[in-house]
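Single-structure report; data block below.
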Amino acid sequence: MPDSSSVPSSPASYVVALSCPDGPGIVHAVTGVLAHLGGNITDSQQFGDPDTGRFHMRVQVTADLDEASLRGAFAPVAQRFGMEWTLDALGRPLRTLVMVSKAGHCLNDLLFRTRAGQLPVDVAAVVGNHRDLEPLAGFYGVPFHHLPVERGAAAGGPGSKEAAEAALLALVDELDVELVVLARYMQVLSTDLCRALSGRVINIHHSFLPSFKGARPYQQAHQRGVKIIGATAHYVTADLDEGPIIEQDVHRVDHGMATAELQAIGQDVEAQVLARAVRWHAEHRVLLDGHRTVVFR
Amino acid sequence: MPDSSSVPSSPASYVVALSCPDGPGIVHAVTGVLAHLGGNITDSQQFGDPDTGRFHMRVQVTADLDEASLRGAFAPVAQRFGMEWTLDALGRPLRTLVMVSKAGHCLNDLLFRTRAGQLPVDVAAVVGNHRDLEPLAGFYGVPFHHLPVERGAAAGGPGSKEAAEAALLALVDELDVELVVLARYMQVLSTDLCRALSGRVINIHHSFLPSFKGARPYQQAHQRGVKIIGATAHYVTADLDEGPIIEQDVHRVDHGMATAELQAIGQDVEAQVLARAVRWHAEHRVLLDGHRTVVFR
Amino acid sequence: MPDSSSVPSSPASYVVALSCPDGPGIVHAVTGVLAHLGGNITDSQQFGDPDTGRFHMRVQVTADLDEASLRGAFAPVAQRFGMEWTLDALGRPLRTLVMVSKAGHCLNDLLFRTRAGQLPVDVAAVVGNHRDLEPLAGFYGVPFHHLPVERGAAAGGPGSKEAAEAALLALVDELDVELVVLARYMQVLSTDLCRALSGRVINIHHSFLPSFKGARPYQQAHQRGVKIIGATAHYVTADLDEGPIIEQDVHRVDHGMATAELQAIGQDVEAQVLARAVRWHAEHRVLLDGHRTVVFR
Amino acid sequence: MPDSSSVPSSPASYVVALSCPDGPGIVHAVTGVLAHLGGNITDSQQFGDPDTGRFHMRVQVTADLDEASLRGAFAPVAQRFGMEWTLDALGRPLRTLVMVSKAGHCLNDLLFRTRAGQLPVDVAAVVGNHRDLEPLAGFYGVPFHHLPVERGAAAGGPGSKEAAEAALLALVDELDVELVVLARYMQVLSTDLCRALSGRVINIHHSFLPSFKGARPYQQAHQRGVKIIGATAHYVTADLDEGPIIEQDVHRVDHGMATAELQAIGQDVEAQVLARAVRWHAEHRVLLDGHRTVVFR
């Protein structure tokens, strides 16, 4: 979480995202705080889930005060309703670390969109278990860190998964990373790492989950003869391929397409689905609702 | 507008849809009225359009009071902000009249969905300028009215457009019709009729507007060699094919499809787009925002 | 297979669909037979699957001869290449039996399209294990047969699955049924029946297979929080939900939709996917390629 | 057209694409030539357009002979049926020149796909009327040529449209360019240039043609309140925005999206539609059929 003491010289815009047990009066209380501060609500969405009994809200507000004051004013109502909440300057780039292996389509897409101003993230580092994408990171001026994971490495020793994950956590700490994106990173994270970064890691899975979990989904799709393939962006949990889904999309295929062509089509879908998930997360549009997500688009 | 004096014996659900000039405090004032009455907001969406300066809101509320009391309590805040507003019992079927010519795909779809409980409308009558669809209306127990429009008819005389429109307006009045759906009704409404029923007539246009306005759009699409065709549901205004768009959808086509096949595919899209537009309108999800619509899905 | 002895008085159109082991000269041999008979090829598609080593072809031809002559002329080349093949008059309606339970959206869609001339089938009978859809069949003039399947019925006795399936097979035989469509028929067919009607039964599964096999897929989809739902039309085999896929389609959903709404949206997709599968099958566009299908659209 | 005298040491694969007046015997004649040469057809598609009376065919063949021999053997049948035809080594990269202005999303996409082996093109040069994308071309090792077009430039003088087009034609000639791609090149080509490069220039138009022709289509789309936006790849003709359509695609939008967001979504669609059109063209899958295209996917 960044330093919130900066004082804007003119009206500033903020986003508040919150979840709490559902009940009467929440919206009125939230809007009351904001109105009392002279804030103008420019966008607001709510959703109460009858299954989980949780209430979710995202509100954008423009006000002539600094973030610390707004935070202080909001804290009592948050406490009263037992809210989990986030308050951020609207559009502030999220400090992001991207993990990759050899396939560059997702990384290329993320970096291009970021430079084009379409993704509110600040890519602080690219981490690869291979060096293939170092030049691409370099072209966009992003530091590349090579953290190899070798099969034969002694546990905890150089090249081991433990060593790579320890180095990753150190980077996350050192660079104040708020979001880790697995952009076709072909390693399974350890349970400990999943827990340490819970809610802060987004993965792109190359199938329409829950179909074709695990490895080689395009080959599975080809063998099953499906007529549509897809991709799924989800939060990473210790339960592989079962984390809360943020976004999915699909593309039509036909019998004439070999596995390689399914893969090429699928990569387009992967890049776009991942970009949408990252953008919505960075804009605080994604809220956890049990094992599902609420996405205020 | 139905009689609002009914007294629910237990908590009842309502929907309020409103538009007004944008400004601070609107959401807080609206939620304040509802909170004061002990209402519980179950769904709420807002949108302020920076282009038009208009604010739009739709809120569903459950409360232990009757509609008249709620209406009375809400009126002052509505007046204060200069709102155009609707208050209705949630899920109340809208009294609807469907106009047809010979093609039955949209009528069949609307009647089937209504019986299946998927469309909150009560189809009070089907009006056709031909008799082809009388049996279909009959199967669903809906009265059919034949109002022919003949080319050679004397203006105002039997079979004339003027006579048909006068009879239609009489039906609308007699049956307390709240919504008129042009379900592939192949006649252009007069400017006077458009004005008399402004905001209450939905048409399905068999193209992806603004492409291929006017007649024979599938033939136009075939000749131009487009790779995608579509349909558009819009409110009817005096300016033909230019009314505010409620919903659109498309389907992929290819060079091998003759005009007749484009038409068959297009009819699927028409029926679905129209059904969505009618449902959203009947659920008070569609608000006018200048020449555009805001759709709170 | 219908009597093929009818003699057309003028050029007639035929469709030939064939599969055989891949190898050189097949297309040339097939087109040679047709050219020799003075036939004009109006449409032709081929596909050789490198995985299965099978070659598939569908060709439409117009010729001034009757079906028996064409069949006789084609038999030698079919034998030479070891073809499985079908020859039919182009557009001949396939004699079809539709099986239903209580939900009518697919039946309504099939019957409406058939009457509208969009589906080349002749619905000879509707079979239901409940009577709910008898009036709908009646409206379209199709005989309805009630074959109840009751849980407590003695095996083989009245109301038993064995009795219902025996009656179904008798109907198929008596009515010369070429295609059986399970239009949301909520019973699992026995292995024996699956084998007896192999390649002639199309089912619509209410999920995007292979996701959410088995019962209550919309509830499963809601619980998993997927962002897209779908439907799958497939040939029925003894291996439940694993038969060759003919067609699939999907629709976007979001967190705000309850299971019932997913179901309503899903039913639209089901009806359309099933209609496409039935049409393609009836037009001899679907060829089996191992556990997959080749669809010449 | 490249030198066709190379001699493959083992069976080589070719693609033949042809168009001619429709009539009996074409497929048989074509497949006869190929069978006579010992060729094995691995893929073949045909389409006879009843509107234009033109027949189109694309066939892939593997044979143990060089391109010149195949060309020589095919020429007589081509002449006999009055064919326009192309014969090429399957997968041979097309020599391509990409024209750009300032927006890089399409160029980035084309270069990334080309390097990833997904596009059978060899990008010989990037030409820009601005220098903004020179570094991106450089990263992919493609020479960049700056051909400015300035409003105030004297006709034919430095910086004039005439000078830029002359330099472009010289480049096309010098580099043996087979395909020119306008990847959001914001200049209208002269009628003379359109004619000189007829059938060899593909443009991406940032709307779903024929909607919103001309400038600022996303602003037009926003103002009209459409619910879906799209992009169109087409061959460039002297008649602006009216050239034969190769591919189109769309994306859903809603009332909450400002013009800038429509533009960002639209750019994704643009890049993908253009990439598909370029790939299909380079694979000789696109055939002209009057003002339409036949696309053998």
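For clarity, chains are labelled A, B, C and D in written order, and residue numbers in each chain start from 1.
Everything that follows uses one rule, which is that contacts are C-beta pairs under 8 Å (C-beta built on N, C-alpha and C of every residue); 3 or more make two chains touch, one makes a residue touch a chain.
Because the structure is a prediction, the values reported are computed rather than measured.
Chain centres were defined as the mean of their Cα atoms; on that basis the chain farthest from chain A turns out to be C.
Each of A-D and A-B has its own count of C-beta contacts, and the greater count is at A-B. Look at the contact of chain B with chain C and you find the same residues on each copy: over half of the numbers used there are shared.
For the pair chain B and chain D, the distance between mean C-alpha positions equals 43 Å. Taking the mean of the C-alpha atoms as each chain's centre, chain A and chain D sit 37 Å apart. Once the centre of each chain is set as its mean CA position, chain A and chain B turn out to be 38 Å apart. Counting partner chains per residue, chain C shows two or more touched chains at residues 43, 47, 256. Residue ranges of chain D in contact with chain C, taken from their complex: 23-28, 31-32, 34-35, 38-48, 252.
Residue ranges on chain D touching chain A, taken from their complex, read 43, 104-105, 108, 112, 116, 118, 135, 139, 256, 264, 268, 272. Of all the residues in chain C, the ones that touch chain A in their complex are 47, 49-50, 208-212, 223-228, 230, 244-250, 254-256, 258, 289, 291-295, 297.
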